[in-house]
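The structures come next, written out as structure tokens.
Note that chain A is present in both complexes that follow, paired respectively with chain B and with chain C.
Right, the complex of A and B next:
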């Protein structure tokens, strides 16, 4: 009887410790997610895709994102290069449309296309959507290492496993979050047991009270390809983001 | 501290020296006898200078791969890449390469090649696809085909084709990328149909053959293996031999290559050959050429150095004859025991030039010094063998032991190197000990006969390197400074040592600029062909189907190739037969209409252009360069999307719009086109059950073993699997599904892994053995430990320099590390022996006497290793660089660090380094 009580107490202690640890990891992830979450974000970025080490023409994109009725809304308009100028992607929840500047036509893509490469980059449309709600929305988190290091910086190594029923998730993610300021430093994406791509963040700057990475790079480990995104402008709760942008009739008018 | 004791070794060597220089003819006869016996061994030797021959035979991956090569002869196909010389007119270039394919294919099938060639495939047998097209298509694709051809009159056909493009590809570059090859072929066919239609619309008479050819191109693509702009073509030659028959392919591939290249010249095309056999042959040729060049460079430089340093023209002969005799003995021993030389062991023969000559240098330097001191000729020879021979013997033994320990390695290649290198050193030592005194005796006999005075001879024999004695004085005066300075340099470099990397990409070790390797890259770029693949063999095709589907889903897998798409399962065939019957019924009822709605046709052609433009945008974004260029040609756009050229679409639309008479031409075209298309579609809908025998032999033999029992599946990676980082992802993902995959890449990986493990294991074993030998030689543990310091510092510094200079270890140079231990210790051993002879306070004398010889031997060894640097084979080059740096470091630490440490320890701190029995006798 005494032994079973001790065992029960021990299990409670271990269980509580795990809960504390899980909460702790979740808390860290929420802090790291905070700068990316929010409504009405406007940004201008340059995206360069490198294939086999060679840079393809840099694409300048203007992005409008907002969260409405618990759905991600985003509109991405290509400004450069000339070939793509005016081409735009509209995403509302799981629905995706593309407007081709070369023909002026708008096409609706199947929802399965969300797992595909976004505009030839190493990001999928899902990767783009994940950030606006934060990683903790779709994944359970576990602290792997409290004393990890990345690029000489002390950080937490936290693994993410998909929540039951979450769609468009990866088998596993491993994020490295700075201890000093809760910045995401790196995220490794896993599928079929292998690290298939890695996202690294840098050049954090404070904008509107948030620390935002002005540069991030997604490197594929399955193709000789990486995509570098350099943000030149970002506005949170921006007046430039208007609800009327997020419909196909506006998309068709974009030039 | 001077040691007057004469050891047994010294006595024996002294006596031998005396006997050999006096009875030089008998000594030469002994050497000749040994040489004749070794000549028999040498005649049994085979050269196997390919990486393939070095693959670890015990590895399951290598065993599986060799089995695949043996059982699936198509895997050893020779690929001929033809390219039109004049590409200014694309259409003409296409005709030229096709003609060249036909002519060369016929010529290679002539009787004179029947001994070497089983099959030549310049074209795919399209009849199989024409007769069974639907049975070979997935159910969802038959449905897609049914929708497209629900009405094959012009307007509805274009309309349904546009619907299909929009449904399948618009906005989905990944789907487009998956179907890239099929889509490109379809665009080419479409272009041909539009061109025929344009001519017909303008009133030209169109032959049934032209229309049929255009439809075939659209439905089945080209029978030829053409590149993206049809200016290049491929021919696959299946030889009677495989990669496992090295002797045959090394001699036969050049013959085939010569015939093809010469004939191609007359056909307006250039020809190049690739495939694993050609790469293997090229490796063999470049390695042999590289070695010949290295041998020539090494021999010439050593010769020049000897003439310069000894100022005596006979020295190259006195040292060169035993040097080459020693190499011949080594080759003979290798012929008797291992029967082959691989890249490593053949490279070692060149290294042996630099190592073997060292023994001659030590013996001759000592001989010169003895003569300088006024000793007569016989005494000089005897003393040189007594004094220098002992150190040379210790050096040879330590080096040989360090080499012999390589036989503990897992891999055969490393074991072979250990054997050849160990016996190589002993052969050289023996050849020098037998021949140098004999040749000196012979020379003395000749000179005496000519009546030349000794004094003249002595003057000539004074060696150079006058800086060495001054270094000795500096070390004697400032030992702490010298030791600390070298220690600091060593520690500084050692701090970087951890960053040195191992080369995981074997392609980075191949020769640069090899046509066969460059053509492999061009095949990937121009023909979208797979780079190196992973292969799986199975006996059950159904199991293979299910496995293939799972593998295909992996992010690191581009495609899966096997017999299964050509040989559907019974269930698949039954399902498809039902759908094909329905399709046939749908097509059979169709007839050409007597009219073409011009307005609707224009609209559909505009729509087609829009679809092509959008797909072109997607191809641009997804980096599908081949498709992007093809679509730009079709739409007349440049890379920026600006309209820069008139296209067949523009001309057709303009013609239909502006000229009402085109209506008649279009109706004529429709009348000719519809029955032809109908016939082909009905043919495709044939529901006859497909058997293995129906599959074109070229395809069947590529995926079915010779005995018909096994089937092969090739897994095509998304990128170059030789890249180590990607390979880990690719093999890691594949391992989550199957452990049966093998391939050249895995075998090479295994080889790199085993070589790395062997290198480390053998290095540790070499260090331990050398330490034991040092204890036996010096009979003093403290001195033996101190002797290892410079060696350890050299290694730490070498790794540091490699890390700083971004030089990587590869499976060739890492195997050489244990060799470095054996060679690097030599210099220190010579210093120890001389210091023990000269005694305390005489380090300046030791450095002056030994330093010259050690510098000279270091230079010769560096020449031996450095002679690989000009080689185009990158593995040889890196080995040359790494080992040359290592030798230079070993010399610097031996001459600047070790003597200083010996002074500090023995003269300042009173450390006793005398041998045990000598200490006892002193008491």
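Right, the complex of A and C next:
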């Protein structure tokens, strides 16, 4: 009886300690997600793809994201180069439409297309329409190492596994979040047990009370390619994001 | 020519004052075509459609085309103005303009100008007014494209027929007043009043107005359309448009896009041969439909497979009569030329399209194969696109038409050209 009480108490303590750890990981991820969460986010970025070290023509994209009725909405419009100008991707939940600038036609793509490269970059369509509710919305998180280091900076190493029923997710992610200011420093993406690509963040600046990375690089480990994204403008709760943009008919309007 | 240039100049000048953002873009293209023939004879281009090479075809052609797009927009309005300078085969130009067959005699005389003319075409000229967040009013020449099919769109009653060999080709817009209303993010209703004067007519009568209605429903992984088209002809077969009802559906199943379209037409939009000397439109109800499947693999390879049942196509008896009619008339008139529509000639078609982007070498590879099981026609269209820079792309392509069985009088048999090599450079600005 006494032994069973001791065992029960021990189990409660261990369980509580684990719960505290799990909460910590989730709290940390939520803090790291905070700059990316928002109802209406507008941004302009330049994307440069490097293949075997050589830079391809830089693409300028204009992005609109909105969370509405608990569903992610995102619209990405290519402004440059001239050959791609007017090409646009519209994602509502798991549905994806593409407007081809050269012909003006809009096509709904099957979901099998979403995992593939968006515009020849190292970002997939899924990556481009990443949840405006943050990573914690689609993934369960686990603390792997509370005393990790990345690029000399102290950070938390946290692994992500997809929540049941979540779509557009990777098999596993491993993120490095700085201890000092809860910035995402690096995310490794895993499929079939292999690290297929890595996203690194830098040039954090304060905008609208949020620390937002103005530069990030996605590097592929399956081919000699990386994509650098430099954000020139970002607005949160932006008036530029309008509900009527997230409709297939608006794609026809895009020049 | 001067009128269009003046209009463009004025739009640029005043557009800047009227709209907060004015955008000028476009494309210039140079297209070199060669027609290899394996028996190089004087009559190498002869066919029932081109007896004695009346269409004046040559071994090599060089064409240029130019599109300039002007667009302006502000919070509540936008406008589009697209001008295209293209060389037109005269028969194609007439077909694209929804010809009025009563003017055939005048049209015939235009052939004296030569088989090709350079023409400035207004592809788009429209203004839109955004009333609130959910209502858009657009008037003018605008895109009315619809449907889910890659090679064919049976439910697209409004536009000229799409070329399955070049389904992404930009089509000339339609003059219309459209009202588009969004019911939340689920339903979209589009109502259009279409203005389409007959060839060489300066306007229309009330009874010549056309109308269309389209209802689109967007649900998770499913999208559906219902379409209706109204066209009133005082006499049957007056123009190339007939009333129609259509439905389309696209479903996402395990990552694959499965889609279909079905259309009912009150009559045919083209003529059928009745005898060696006569032709007419069908007046009965006709059905056309497509069924398709598309999938993108992890390697970026995209595959589309599509079946098209063409209720307006010719069976073997019709094709034989068409052949007999051409032999009898000798020089084919415009009406007979327009009865030949590659990709719509027979009743059954299968399309396989494969697309593979090779980002590492800035190259896209596309292969289309079109097979008609009831007429034994086979077409193959491979194409390689080199994306030289952000503005310049170079295409190398081939079109091959083959008749797999004798005596079928299929589209390959009638075509004066069986093989085409294409080299095209396009510059975007």
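Convention: the second predicted complex is superposed on the first by the 254 of 255 C-alpha atoms of A that agree within 3 Å, B and C clash if a C-alpha of one lies under 4 Å from a C-alpha of the other, contacts with A are read in each partner's own complex, and residues count from 1 in each chain.
Simple rule for what comes next: a residue touches a chain if its C-beta (ideal position, glycine included) is under 8 Å from a C-beta of that chain, and two chains touch if they have at least 3 such contacts.
It should be emphasised that the depicted structure is a prediction, and the values quoted were computed from it without experimental measurement.
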Fit or clash - chain C, chain B, common chain A: clash
So, A:116: does it touch chain B (first), chain C (second), both, or neither? both
For A:193, decide between first (touching chain B), second (touching chain C), both and neither. first
Of the two partner chains, chain B (first) and chain C (second), which one does A:222 touch, if any: first, second, both, or neither? first
In the superposed arrangement, which partner chain does A:81 touch: chain B (first), chain C (second), both, or neither? both
Between chain B (first) and chain C (second), which, if any, makes contact with A:56: first, second, both or neither? both
Just checking: does A:209 make contact with chain B only, chain C only, both, or neither of them? Give me first, second, both or neither. neither
On the A-aligned overlay, A:165 touches which partner chain: chain B = first, chain C = second, or both, or neither? neither
Check whether chain B or chain C contacts more residues of chain A in the superposed model. C
I'd like to know which partner A:94 touches here: chain B for first, chain C for second, both or neither. second
I need the one stretch of chain B that runs into chain C once the two models are overlaid. Options are 38-46, 200-208, 254-262 or 884-892. 200-208
Which chain A residues lie in the overlap of the chain B contact set and the chain C contact set? 49, 51, 56, 81-84, 100, 102-103, 105, 108-110, 113, 116-117, 120, 223-225
Across the complex, what residues on chain A touch chain C? 49, 51-52, 56-58, 68-69, 80-86, 92-95, 100, 102-106, 108-113, 115-117, 120, 223-225, 242-244, 246-249, 252-253, 255
Enumerate the contact residues on chain B facing chain A in the complex. 166, 170-174, 554-556, 610, 613-614, 616-618, 620-623, 639-642, 718-720, 723, 725-726, 728-730, 732-733, 735-737
For the complex, which residues does chain C have touching chain A? 23, 25, 27, 69, 71, 73, 78, 80, 128, 130, 133-134, 136, 143, 145, 148, 168-170, 180, 182, 185, 188, 190, 216, 218, 220-221, 223, 250, 252, 255-257, 294-298, 300, 302, 357, 359-360, 362, 387, 389-393, 428-429
Applying the document's contact rule, which stretches of chain A touch chain B when the two form their complex? 49, 51, 56, 81-84, 87, 96, 98, 100, 102-103, 105, 107-110, 113, 116-117, 119-120, 191-196, 221-225
